[in-house]
Amino acid sequence: MIVVIKPNSNEEDIQRLIKMIETQGLNIHYSKGVDHTILGIVGDTTLADVAKIRSNRIVENVLRVQEPYKKANRLFHPDDTVIDIAGRKVGEGTITVIAGPCSVESEDQVVSIAKSIKESGGTFLRGGAFKPRSSPYAFQGLGYEGLDLLRIARKETGLPIVSELMSLEQLDAFEDVDIIQVGARNMQNFNLLKELGKIDKPILLKRGMSSTMQEFLMSAEYIMKEGNDKVILCERGIRTFETATRNTLDISCVPVLKQKSHLPIIIDPSHATGLSWTVEALTKAAIAAGADGVMIEVHNNPEEALCDGEQSITPEQFHKIMITVKKYAEFENKVM
Amino acid sequence: MIVVIKPNSNEEDIQRLIKMIETQGLNIHYSKGVDHTILGIVGDTTLADVAKIRSNRIVENVLRVQEPYKKANRLFHPDDTVIDIAGRKVGEGTITVIAGPCSVESEDQVVSIAKSIKESGGTFLRGGAFKPRSSPYAFQGLGYEGLDLLRIARKETGLPIVSELMSLEQLDAFEDVDIIQVGARNMQNFNLLKELGKIDKPILLKRGMSSTMQEFLMSAEYIMKEGNDKVILCERGIRTFETATRNTLDISCVPVLKQKSHLPIIIDPSHATGLSWTVEALTKAAIAAGADGVMIEVHNNPEEALCDGEQSITPEQFHKIMITVKKYAEFENKVM
Amino acid sequence: MIVVIKPNSNEEDIQRLIKMIETQGLNIHYSKGVDHTILGIVGDTTLADVAKIRSNRIVENVLRVQEPYKKANRLFHPDDTVIDIAGRKVGEGTITVIAGPCSVESEDQVVSIAKSIKESGGTFLRGGAFKPRSSPYAFQGLGYEGLDLLRIARKETGLPIVSELMSLEQLDAFEDVDIIQVGARNMQNFNLLKELGKIDKPILLKRGMSSTMQEFLMSAEYIMKEGNDKVILCERGIRTFETATRNTLDISCVPVLKQKSHLPIIIDPSHATGLSWTVEALTKAAIAAGADGVMIEVHNNPEEALCDGEQSITPEQFHKIMITVKKYAEFENKVM
Amino acid sequence: MIVVIKPNSNEEDIQRLIKMIETQGLNIHYSKGVDHTILGIVGDTTLADVAKIRSNRIVENVLRVQEPYKKANRLFHPDDTVIDIAGRKVGEGTITVIAGPCSVESEDQVVSIAKSIKESGGTFLRGGAFKPRSSPYAFQGLGYEGLDLLRIARKETGLPIVSELMSLEQLDAFEDVDIIQVGARNMQNFNLLKELGKIDKPILLKRGMSSTMQEFLMSAEYIMKEGNDKVILCERGIRTFETATRNTLDISCVPVLKQKSHLPIIIDPSHATGLSWTVEALTKAAIAAGADGVMIEVHNNPEEALCDGEQSITPEQFHKIMITVKKYAEFENKVM
């Protein structure tokens, strides 16, 4: 980390600042130039309180040379993280396809969708039991019963299950859920992240709608710092001025997050655009860009879906997409 | 609500759609034009499942005529909501000034700041006990001890206190906190909102960094639907491409939210820009625009602040701002 | 177009509004409901003055059913536009690769890069002669001399050339340029667009950094309305809050623009992220998503580039990318 | 400017980089630390080619200490710029009110509006003759005739006139226009800016919808570099995800631009929100924040306006706003 001191600062103030930084457990390399005095900070600067240094009256600017996350940082973990979940691998070298309805609605619905997904070659079943809806008057999910129906579908098909946990008091009920999803609106629910860091369970962390990639990785770091390093990143569209799509899929985050981190990255094209007829094109783009998989909303009857029907594809459309996904996977030398 | 049917849709499909909408408890006014068939939906459309209607194959578009919120809607509550908190009024006709440190650091710190605020004419004391920080390595607040120190400061000065609750398990400890703050990152933590709707305590709801005004009011609606109508809205900057300021203060939300809702609206200039030297100008702008008050970060020694020092003003600067605020309040015929 | 009238509007005002709309050459289908009165507007609503209708005191809302562009609209031109340029086709069924330096710097530079591009299978040579730079102190391009150097490179390699026109007085000098580029900052320079609509020359229209897809197509419409229908759309990244990349590549615009319009769409990954090491992944994503081609910045010595060196790839990297592009093209049943 | 060298870079490469920077006319202060080698660049770094330095393989990061603009920079021109236009002052100490219709429609219209503005105390008359419209089918303005009508209105009222120039070939016709406006869409039309830098006429430069404050000042710098230092900055709303307002008024730019630059800054509330009923609140906010004035759209019959009727206020509403503006001006010790 580089601290640039304002011109004409007095030496006493500089020494006071140096002492303050040293009490943070860091060493200083002090360089006095003609115009600028620069402090090069040596040591583990993830722990440095940049805001405090920046608040100092004599500081012109602070430049982070190193990213503020460690456990999620590829610099310190050059090898890709590959997570083993119920016999499936998630991460570099494998294409993971998580599919299922936005929300679990009935046993018939979820079992029938699960069977189609299984037949088409999907690897995980997703389904919402607790639904974060912007309106309190909208369907809020079946709750604990929804989880039970997912378990039935898993039993029927063998597909491991993924579902979103909205609040800590639900944690016990997720004990046998294979992957716990943290939704975009909870990406910076730090209390939740800390608790999920204490369990031994893969976490699918969705990027907040207006979160930078650095904040996204810092949220992964919250989980990993507590000991759980099974974090799967999921990009699901960010918020921009564009209104033709519900959100804007930030496809660049695939190469950028792969360079900055060793964690697997999954793309959710369904929530990114909110338009079912774009899912095929974006699924292909995701895999071509190097993503480790996709998460797709599939509904047996999108028109009757209680949630996100406009972006859900049918099992038939899913089947067709899977044929292409398999070709792409082969093309990119990945297994499914 | 207006539903536009795609040209050449067949009558049977239209009738099926009408039935689906009617099962939502709504009435239909059916109008068949040369090109367009239009369904005018009559009744309480807050409860209508727009997404489901939009998913229907024969639907071209859906146009909401009425906002999706009711309890927060000025249409149904023309009079301004004024909340009485420990003898202070918050809402139309009054300028409320909430001030204090980003985080409570020590008894000396918070009591000394509280005294200055009291002397300068501030109406509430704010202070963070639980701090949502983007880095898990940053100072996370003093927690329950922080609340105790706020209580001491309240006792010393008589200023009612405002503090942020981050998670439901902290709720009991907030029983005697005068206003519970919901942070921007929790604006769509719906489980939290629902529980806060069940208590009888004023809630200061901060707008999410990338939330539209409609979503903001829907989050207020989540609280109000459960019975708690003491909601104070707080705009604290939204996320844009601009980097000269930490966020972009959306000043237009003052007249727009005042038109759409009857709830009080407070501006937080400190978090909006992250720059202490802009606080005075933006405080004046907020009051001139018609806000019911401001929330300002004040620290006795911003350089040593454990959090948000760069945006904190000193008690002396606060005192100077308060002199102007009082003049503006008088000018706008408001009391303080 | 649907016009929703405010409840309780008086009949006289409604009739006055109807007359106003009819003078715009449109017919009205008048439907009086219990709560809402609705005017269905029939006819060519691209010409309707929506803003004027919306300004009317009794109008609650206006809902466009039809897009405001005609010539760029797939609805009226179901077949894909394929443009023939110096024997190369641009559009559905073909992958076009436009490559070259950000700015033309010298004969040696541009000829050597052009030869590499030709050998690797690129189809067009790009090079900036007039450079829009945010700083007046930055290199502004070689100007007319730059165009001459591009002509030499074209002669040496046979590659047709693409270059950006910044201002109308340069138009004569572009007479034999094969494709005229309109830069992102000029996407809404309407006077320029109108003049380019009067010539018979392919126009590569770059999307403005903060333009919606609808505005993008309206700018294409400006050119097409004047008679020139050889418009190639180019997405080059939009502006968001993300700072890890220079802009955010809006990959969703490929399927969406393909659905809304019949015009070819090209992706520029270099300007989208500003990071050379992301170009390969995003090029693959673009083609997988269905784009008709890519535009890539290639420099023989990126470190010494006078412009955009950080995002330029070397001829060797380009060669490697082209091998993959060819495989993808084959995979997607497209020719190059 | 600080250049951070990547760890383990070899000395030869560093020396080569130093030479490259020195050929840009800059001096280097070389500081070799334990981990980082840092180059402090001394001299006029506005001319430094940062992108080129950043492209260098051994460069980790570049940190600008000084802003990239000089003539617009308050650092080098501590005194506020005050521009004298036809006997009116624009800049610190004065509140300027520019008002008038979005577009000039007829002699009657513009003269009658001008008279009202004059009577209410407005200082300049605005009116569009050439209109940048997103649709080629929308009214494009009266053109040269519109300028003539403005001249008539000026003669009748004595109000100096402001109008937008869209393209260089119109320049002659603007010879006696008192202030030439550069629209938001032309903020980075660099050829236009350069030519406007060569004339002796005040330029009202509108901020681009997605331009940062730094880019805004760089566009002012384009004009000033050529010799014309009569630049008035105008904020008119930036593009965000919010849809309740047409754009988001960035009120923070008032204190921030005042700190960074000595140029006058005017706020346009009408285009910022597109909603006439917000104009009063935002005008007050603008003046309270320290703006040097406002630009407001006024139309004698907003419902019949050919352009931007929804955001135009009536002369009566303008009159009422002016009463408040005068009080605020007095309150802030400014003249009108």
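By letter and in written order, the chains are A, B, C and D; residue numbering begins at 1 in each of them.
We take it that a residue touches a chain if its C-beta (ideal position, glycine included) is under 8 Å from a C-beta of that chain, and two chains touch if they have at least 3 such contacts.
All of these numbers come straight from a predicted model, not from anything done at the bench.
Here A-D and B-D were compared by C-beta pairs in contact; the pair with more is B-D. With centres computed as the average of Cα coordinates, no chain lies farther from subunit A than D.
Each chain gets one centre point, the mean of its Cα atoms, and the points for subunit B and subunit D are 31 Å apart.
One finds 39 Å separating the Cα centroids of subunit A and subunit D. Each of residues 210, 239-241, 243 in subunit A touches at least two other chains. On subunit C, the positions that touch subunit D within their shared complex are 46-47, 49, 51-52, 54-57, 68-69, 132-139, 166-169, 185-186, 188-192, 194, 208-210, 215, 218, 221-222, 225, 239, 302-310, 312. Of all residues in subunit A, those touching subunit C in their complex are 210, 212-214, 238, 240-245, 248-252, 254-256, 259-260, 272-273, 275, 277-278, 281-282, 284-290, 327-328, 331. On the subunit A side of its complex with subunit D, the touching residues are 2, 4, 29, 31, 33-36, 38, 40, 42, 60-61, 63, 65, 210, 239-241, 243.
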